[in-house]
Each structure stands twice: as structure tokens, then as C-alpha cells.
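Next come the structures, one after another.
You will see two complexes here that share chain A, one where it goes with chain B and one where it goes with chain C.
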Partner chain A sequence: MTALLEIKNLQTHFHIGKRVIKAVDGVTLSVQPGETLAIVGESGCGKSVTAMSIMRLLPSPPAKHSGQVLFEGRDILNMSMEDVQNIRGKEISMIFQEPMTSLNPAYKIGDQIAETVRVHDRDGGKVSKKAAWDRAVEMLEKVGIPGAAQRARQYPHQMSGGMRQRVMIAMALACNPKLLLADEPTTALDVTIQAQILDLIRELAQEFNTALVLITHDLGVVAEMAQKMAVMYAGRVVEQGAVTDVFARPHHPYTAGLLDSIPRLDGMKKQRLHTIEGMVPDLAHLPQGCTFADRCEYRQALCGQKKPELGTVDGGRQVACYYPLNLTGGDQP
Partner chain B sequence: MSNRDSNLLTVNDLRKHFPIKGGLFGRTVGTVKAVDGVSFSIKRGETLGLVGESGCGKSTTGMMVLRLLEPTSGDILFEGENVAQFNKSRLKDFRRQAQIVFQDPYASLNPRMSVGDIIAEPMILHGIAKGPDLTKRVEKLLRLVGLGPHHGRRYPHEFSGGQRQRVGIARALAVNPKLIVCDEPVSALDVSIQSQILNLLVELQQEMGLTYLFIAHGLNVIKHISDRIGVMYLGKMVELAGGDELITDPWHPYTRTLISAIPKPQPGQKSNRIILQGDVPSPANPPNGCRFHTRCPECTEICTLTEPEFKQRNGRFVACHHV
Partner chain C sequence: MAKYIVRRILLLFPVLFGVSLATFMVMHLFTTDPAEIILGQHATTERVAALREELGLNKPIYVQYADYLSDAVRGDFGKSVITKTSISDELMKRFPATLELALAAIFIASVAGITAGVISAVKQNSIFDYGSMVAALMGVSMPIFWLGLMMIIVFSVTLGWLPSSGRISIGMTPEHLTGLYLLDSLITGDMEAFSDALKHLILPAVALGSYSTAIIARMTRATMLETIRQDYIRTARAKGLSEKVVIIKHALRNALIPIVTVIGLQMGSLLGGAVLTETVFSWPGIGSYVVEGIMASDYPRVQGAVLLIGTIFVLVNLVVDILYSVLDPRIQHS
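On to the complex of A and B.
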């Protein structure tokens, strides 16, 4: 297969003193070229750690990886740091949630983008300072910053939150990467600005034919942006499939519960919302069986004994559950 | 006024201007008009939602209603009496009837106090209970918000975000208030926990007849919990109407934009999204005329010249020249 990114049973455990925190504990997913995959889950489910692991951004120790992260067939987890450097920024780049903390306050934004271009340029040859600067201005125009040539000479504090996120996108796409990891790119922004930024990301990803891994907790963002989605819970992918299918027929009780918990604009006023009782388990003391079993309304004896593996049902859909919901009559995993 | 009995709270032309200090001698060089003439009323047992983007003045409004911030001008009538003119002892009395739940359950609980002590403190301050009676009331409050009596001995760091928000709610309920200002009470919580807290707030309102001023930036949350909704933009209220009417038939262009900007959890449904150009202008230097005119898709000449009045029509309020 020609998957751009293929993650096989990724585990990222943090060894802190005697405790082992299993932040990511079995993530399997794949992204095709040009495709948008959304990773969705609540805080602490391991979605950001998964992205950081793909980029090898976590210091080791305490982080310990196992499994495989294949980018165009090469395992990033087994690469030398030098090879990883060659992939970062150039083949895979990343945008973070907080645009203020991910930009250097002491440098002009044009210089920060130009630096990315000079360090990572595809041909490996030298890019002149002038050419890199011109590329920076061009990118700022692309992300819709008015007066790009003047704005390039400004510092991050002179820009609003939405503008800073545009700068981050310009930087991330400056070297025309094949894969963009966007970790909650609009969570810190107001809705009207979020609408601008989501539109921009979608347009540019299409124009540059960049595959996108979009990490978010907002199911609305998933529905609008992605073709495929992976739902994570307590460090594991519990369900994966095409966005329209998962929304129409969630197989995992957690996915179904999440979808039902969102208050909707067309819902009845003050009507009781669906709740998922209880809390996410402690990642240092994960239960032996299914991690969701404690909160699951469909739990049976088997669920507490052994962890269900991610298996294929209903042609192409994947779910990690012994008793999946809403099956159309396909094979049980 | 005839509706004096049905309205628990009436706010008239409320303003808060913060001075900008600058220069060598710290002179006032300008003002940030955080809230600039906001009026609304809340009936007993009703929930009024305030929605808007960051910097629109919704939290400042909530803080002024409780006099946690001093208003620059305007009236706040609580059961017909002007809170803005209360002296210290009247204010203390008033705070027994009006309480607040904050957004950040991490920052609004004292880490050095046990949860039981946190909930007991307002009852001690207001001389409501002491001794064994106090302990009993604390236990009752803990149960009311879905926690157990054993939780009272624990400290805030031992709780999850959702549980801490429950503690914050129990503390607000301790003095048996009539009005609770909820300032983004679920914004910091995950979806599955958010729905637990929203359900709790609705149940408590129905059981105890509470009145809420509910502030949030998430329109879907506001729509869920509110009877009526006020939309704020840059220190002004631009529209105020019943929740269903506002969502299905928004009158103000900004309200329409807000509704269209929310990503809907319905894949495949192409939304006719209105995308606004640019950012919210600075409240230190708001545009002339209608404050929304710099970003409004329906702006005409009059909008740049005169500020539209916040007028009543068919029981709704809206501030726009083009309704």
C-alpha cells in the first residue's frame, strides 16, 4: 500500500521514578497522501503525545517509544536524530495550539519563516537570504495577511491571535511538506477567527496537496474538516473510519456517548443531555480489561478481563470493542 | 414599574471604562470601554445567556452585576434596589443572595483548604450555621452536587476538573442565593464532563428556583441552558431574544455570523458559512457608528456614521439599522 504515514501499535510510555505512565498505549492508524485524518478525544487521551511521537519531539528519557511510525515506508522511531531533522519541517511539519508560545518573541516573523526555508530547503543546496525572505513574504500573502511585506518585519506581539496562527501556518507550509500535523490549531481562537483559520488550512492543504492530521476535541471541527477520523480513549485508538460513517453509526460506546453529549443548536432547551458517567482512568494504573469498561453502559464480564484489540467490522471500519453498536451485520471482530 | 415583581434583576445602561495609563507620570492617555451601555433584565427562575467573543465585555458585565467590579455608570436593580449604590454592609447582605461560579475550577479554589472548609466558609461568614449544623449542611451540599460526604476531607488537587466545578457550585449554593452568575462554568471541561455539569445546573435550577446569568462563548452551550440570549460585541449588546427565535431567525448580522461560524457536528452538510474579514477592533478605539460595521457584510453608509439604537421590536431587542 502507498500510505504516506502508517503507525503500527505505537506506544509511548513515560518512566517517572517507579511509575510508568502509558500516555499512548497502542495506536494504529494510517494516512494516505493528500488526505485529512482527524484524531479526536478528550484531554489526556494521548492525541497530542501521538503527534509529538511522530515528530520525535519528546525527550527520551523519560519517554520510551515502541511500535512503528512509518513515513513513506521508513521508520521514524529507528532513525538517527540527523535523519529526523531532515524530515522535520521539510517532509512533516506541525502547528501547535498556542501561536504565541510557539513563535520566538525576539525575532521578526519574516526572519522566522525565512530561517525555516534556509534550514530545510528541499534541494539541500543553499538558499540565499534574499530568496528565503521573498519566500517568507510570499507565504504570508498566501495565508491572507494583508500588507505581507510590511508585516514580515513585525514581531509576534504586534499581531493578534488569529494573525499569529496564520504566521504559524505560513511557516509550516513554507517548505511544502507532505504531511502537516495540526494540534488543536483553533482551540485558542474565537469562533469567527476559527472559521477563517479552518477555511485557510483546508484551502492550502488542497492547493499544496498536503496530507493533514488534525488533532482536536471538537467534533464539529472533525465533521467539517476531515474525511477519516480516529477516536482515542486512554492512550488507545478505540474506533476508526470514514467521518460520515462514524457519525452516522458509531460502533464504539465511547464514540456514541461523545456524539450524544454535545449540546446542539437545534436541541430542546434544558433537555437532559446524555452523560458518560465517571472519569478517564489513571494512565499509571490502567485496568486489565477494556479501558472504557468502567464507564460503559454496555459492559459485560469479558470487558473487564482482557483488552479488546482494534479489529475490522462492516468493511473498512475499525473498532476496539467486544460488543460494537450499530452493526449492519458484518463480521464481529 | 409593573414588571418589578417578575424581574429579579434589571440592568440599565451599564458601563465600565478602564483608564489606560501611560507616559512618564502615569497619566490617563485613553480609556478601554469594556462595557459601554448594556441593558437587560432577568426574570425570577429564568436563565439569561450572554454570548460573545473574547473582549466583548460579557465577563466584565457579570462581575459588575455582583459588584466584584465597580461600574463606571449605570444602574443594577436587584429586587428593585440599586446594587450600584449599596454600602459595604448592604453589599454583604446582597452577596448572600447573589453568587458566582467561575470558569477555572483550578484557580478559584484555595489549594490549602479542604473542600469541606471551602464550602463551609460562606456559611460562617454570613453567620448561617455553625458546629454540627454546619457539618450537616456541608454534607448535604456535597450530595446535592453529586459528591459524597467523604469528599469534604479532601483537598482541591485530589479532584478532577469536573469534580472541582461541582465544588465551586456547592460553594455558590451554600448561602442559598437567588441569583447565580455562571462565568464560563463549562468552558474548561471536556465534552463528556461538560454535559454532566450542564445537567446539574439545570436540575438545581428546577429544584431550587434559581435564576442564572450564564456567560459563555459557546453558542451551543448557551442555547442549551438559556431561556433568552443576549449577544454582545465590543462592549455593546447587539441582540437580545428568546433562545429558539435567536437561533432560527437571527436579526443582527453579527448573530447570523456567530451561528454560521460554529462547526456543526453533521458531516456532509455544507454550511453557508459567513466568514468575517479581519479581527475584532480594539475596545480602546472602537469604530464610529455601528461597532460592527468594519466587519459587517451588510454595512452601508449610515452604519459608519450613526450608532444604531438598541430598540425593542415584537418583544425582541436589536441594534441594527437594517432590520
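On to the complex of A and C.
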């Protein structure tokens, strides 16, 4: 099966004055049609920048991309802006972290959804205003907004954060995209609403057969939503594989550290939560060797000299580490 | 909404009462006796006293004010002490000239100012941005009468492209419908009069609008810079909209509120503040009428004109406030 999205050694660097911030510095990952991939990592590891780079949403300058972002075999990074605009919202859609500010306050939400429908109707036919509006109402019903026909005539300020995120989802899926990028879609919402929104995204992604890239720092969400996961650290993917495998046997010391930091309710004794010592490196001055080496319990001399590349171990799992943990035998990278 | 408008219109009365009182007092306390001016320096004391009685200037000042006010609320601003003609009639005749000039100036200022401001914001720190902001600084700093005179020297005297004074050439005046020559000549289909009136209008309108253009350009740039960094602009791009639609439909629409406020305030002051421009270009509007009135100590003229200008200013502001709720659905007047 050919991958829907294949990112090869993506680098997104921000040139600010004389400084170069390497926000994304070598991301390689792939998403199959209909599949859900979770990108996990702490704040500032480059998750959001990766998603924005896929849609070329970062202002350039200062952002500078290199590498490849292949969507159905075509490199988005080399496309004309017009081609990118044809893909945005139609083939690839995005939901953002901030539902409160992501909708335009000056327009009715129905109009904002209908606008997406109309702008992508370029192959003749000309969707009428009425048809686009009806589609907007239909989408609002699909995302579970009661009284969709009336709600469509409301403005964003008349809705709660959860409702607005539903509107964003309706807008993102209005054109049946093949890929949905969800950038921490529930971070700004109440805990009770979070589960509803995640369920909604999962159901609709299944219904529309949309592949999903879910960006999150919540490993619980990963376990529940995704089949595959990629762990990012300091602008690089350090480990990738099926969620169940990664949870059961993390190969990268950083992944292992993350999994150990999840508080558990079934612990018998009162224990201090595991933490990863040290700080994320400065993205303007990345070390020569492995970016995680300074914080790694298992570091050896080689780790400080050269960056480990992402390599395949254990039949299908990928890890960027010279000394992976929990191997079952099989080839070393 | 209707309640809000009625309340605002009722508020107009105390404001105009204050304006009328202030102009009345200033004109009566600080200007020379009109009777002496009318009669000239060789007049006898008896004749001056007789004229003062005729004009009602011998009555106590509060009686004079009460007389003036009771006439003014009926739309009668009295007679000019110099020409003896009705001031209300004269204002009515001249108001379209001022309105046409102000509308042309604000039109030029809005189109040029918003365009320059948007491009400056989108291409921040570019040559265009620096160039237009320097031009805007010059526009704000240059005195209007100086700019007007320079334009006359260049475009009328040296190049001979455009006329330097008046509203229209003699004998070309279109049939009176609205009093706005451009509109009247268009309605009657008199294209010769239209182009003649347009040529007369260009220089004064550009001169009058230069300051407003600069103010609007700077305001537009500042608010657009803020707006294009909003999250919903990123959403608009993510939907696949073209950059033009993103900037105009999504960003400019949200930046419009402060811009409209500035345009409204500018419109108010253009209607009343065209005094210098009208004088430099001999434009037969209210501004030049006021100046002539001040020179001649023709106090009823000045009072009448200032009261009219004050009313217009307050009304323009009311229109701007009503526009807010149209532009931003979050604002509701109740």
C-alpha cells in the first residue's frame, strides 16, 4: 500500500536575525490512508511546527523548509502556492489548539463552513450558495450541534469553546479530506468536553475514512485514539511504531522515560513520580551528537559524537538510538 | 437599536445648546461692534447708536441670546448684518459645495489610505512600507494651505492641467437637483459639466484629504498588523482561501472598526474644517463663508455656520456608532 503522507527528513528552520532556530530538524514519518498516527512529545519539540509545515502554513521568511512532504506522491514543499491552496481544506484539513480564537468573529459560523465548500468547488458545477449552506448545516448536525439550522446563523461569540471546536471539526471535514491534522484539539477544553471531542473526531474520521494525524502530549489520548505513534524530541522523531508495541516495549530511552512519568492509580506504595532529569536543549544551539544524550541514563561515548539516524529494529519498529532498550533480538541499527 | 438612535438624537440637543452658547458668547464678547464696522470709521455716534438699536445690539446679552435661540430652533439664523440676506438661505446654498468637497476628500483619503495601509501591513518593513509611512508622516505634518498653494503653483500655474479656483466654469452650472455638481451633471447627462466640475474638484479634494489619507493609512497599517497575526487568519489560510481573500475578506473586515472610527471623525472635521482649503481654492462653501464672516465681524453668520457644522459633526459620529454594530456582530446597541 502506498503511503498517503510520507515525510522524509523534513527540516523547518526559523531564520531570525543571525540566529537559526531548528524547530524541526529531521522528521521522517508516514501515514497510510484511513490510519491514525499520534505525534507525541513535550512542548517545543516541534510537533505543531511539523503539522504547520505539512500545510505550509508558516510564514516564510522566517521559516525555511527542506526535505520532502509527499502527499499522494507529490511534494507539497515544491508546489506552487495555488496548488497548495487547492489541497488545503480539501485534501488536508487542520484543527487547531485554540477554538476560542480560531473562528472569524465577523462572520456567521454557517457562512464560514460554507466558504470552505464553495472555495474548493473549482471543477465547474458551481455549488450554489444555498447548497453550500445546506452542507454547512448538515456538517453541524454531524458534529452533534443541536438545532444546527439555527446555530448556523450564530456568530462565534455566541458559542462555548467546545461548540466552537465542533464547528472547527465541521469546517475541516466539510470537503471530505483524506487527511486531518489535529493539533492538540482538546488542550484548551474542559476535561469533560475533551473526551466528547476526541470521540467525535474518531467517529467522524472513521465515517469519512479520513486519515488522522493527532498531535498531543497526552499518552492516554494516544493509547485510546491511535494505531501508530511517533515520539518527537527536540525537532526529531526518535521512535516510531505501532502504539501497542511502543507502550509495551519502548526502545528509545526518552520514550521509556515518558511512559514512566505517567501517574498510575494502581500503584500500591506511595511513590514519587518518575521525572526525566535536565532540560530540552536550546533549539538554536543543538548538540553535535544525540539531542537526548545530556539527559539519558544510558549514554555512552558514541552518543555525544554523532546524531543517531532513525533505523529499523525488531521488524518494523523505528528508533533513533545507538543503544535501544527492550530489544527482543533481531538487528541492531 | 431604534431606542438607541432616539436616545442619541435626544443627546444632540444639550450638545448643540452648548455649541450655540459658546459661539454666541465668543462672538459678542471678543469681536468689534458690528455697527461700527458696517458704518465705517467716519460714522457719527448717533448713527452707530441707531444701527445698534436696529440690530438689537442694545438689548441685554441674555435677551439677545434668547431671541437668537428661539429663531435658531426654527431654522432661522437671522440676517447677515453686512449683506442683509438670510443666513439660512445662504448656508443651504453653500452646504452642497462643502459636502461635495468633503465627500470627495474622504473618498480619496479612504481609498488611498486603506490601500496604502493594507499593503504596508502585508509587506511590513518593505520599501513600500517605509515609503508610504514617510509620505504619511509628511501628510500629517504639512499645513493644508501650504500644500494647497504648492499644488496650485505646480498643477495650475506651471503645468496648466487643472483650474485653481471655484467649483465650475462660468455658464456650466448644471441644473440644481442635489446641489452636488458631479451628481447633478451625471443625472442630467451633462458630461461636459461633469468633467469641468471634476477638474475643479480634484486639487482642493486632494489638498483637503491629504491629512486624512495619512491618518487613515497609519491607522489601517497598525490594525492590520495586529489582525493578520490572529488565529482565525491561520484558519482562513488552512481552508485553502487565496491570500487576497484572506487579507481582504477575513483580515480587513475585522480591522475596519477602528478605521471606520477614524474615517468618521475625519469626515466630521472635513465638513467643518475645510476653512483653509475653501479659502485657498476660493471654494464657495461654508468654510469660506465663515472666514468672510469673521473678517467682517458678521456675528450671526459665524454663529449660524458653527451651529450647522456642530450638528453635522455630532450626526456623523452617530452614524459611525451605528456602523459599529453592523461591522462587529459582538457590539449591540441597546
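For the reader, a short list of remarks on this structure follows.
Note that the second predicted complex is superposed on the first by the 325 of 333 C-alpha atoms of A that agree within 3 Å, B and C clash if a C-alpha of one lies under 4 Å from a C-alpha of the other, contacts with A are read in each partner's own complex, and residues count from 1 in each chain.
Methods note: a residue touches a chain if its C-beta (ideal position, glycine included) is under 8 Å from a C-beta of that chain, and two chains touch if they have at least 3 such contacts.
If you're wondering where the values come from, they're calculated on a predicted model, not measured in any experiment.
With chain A as the common reference, chain B sits beside chain C without any clash. With both structures placed on the common chain, the touch criterion links A:Glu309 to neither chain B nor chain C.
In the superposition on chain A, A:Phe247 makes contact with chain B only, not with chain C.
Of the two partner chains placed by the overlay, only chain C lies in contact with A:Asn86; chain B stays clear of it. Using the contact criterion defined above for the overlaid structures, shared-chain residue A:Gly220 touches chain B, although it does not reach chain C. Within the superposed three-chain model, A:Glu141 lies out of touch with both chain B and chain C [touch as defined at top].
Rounded to the nearest 10, the superposed model shows the Cα centres of chain B and chain C diverging by 80 degrees about the centre of chain A. Judged by the touch definition given at the top, the superposed model places A:Thr192 against chain B, while chain C stays out of reach. Which of chain B and chain C touches more residues of chain A is settled by the count: it is B. In the superposed model, A:Met171 makes contact with chain C only, not with chain B. Following the chain A superposition, chain B and chain C show a smallest Cα-Cα distance of 9 angstrom.
The contact sets of chain A with chain B and with chain C never meet.
For chain A in complex with chain B, the residues that touch the partner chain are 42-43, 160, 162-163, 190-196, 198-199, 217-225, 243-244, 247, 257-259, 261-267, 269-277, 279. Listing the residues of chain A that touch chain C in their complex gives 55, 57, 81-82, 85-90, 93-94, 96, 98, 101-107, 115-116, 119-120, 155, 157, 168, 171.
By the touch rule above, chain C contacts chain A in their complex via residues 230-232, 234-243, 245, 250, 253-254, 327-330.
Residue ranges of chain B in contact with chain A, taken from their complex: 47, 53-54, 160, 162, 190-196, 198-199, 202, 217, 219-221, 223-227, 243-244, 247, 257-269, 271, 273, 275-276, 279-280.
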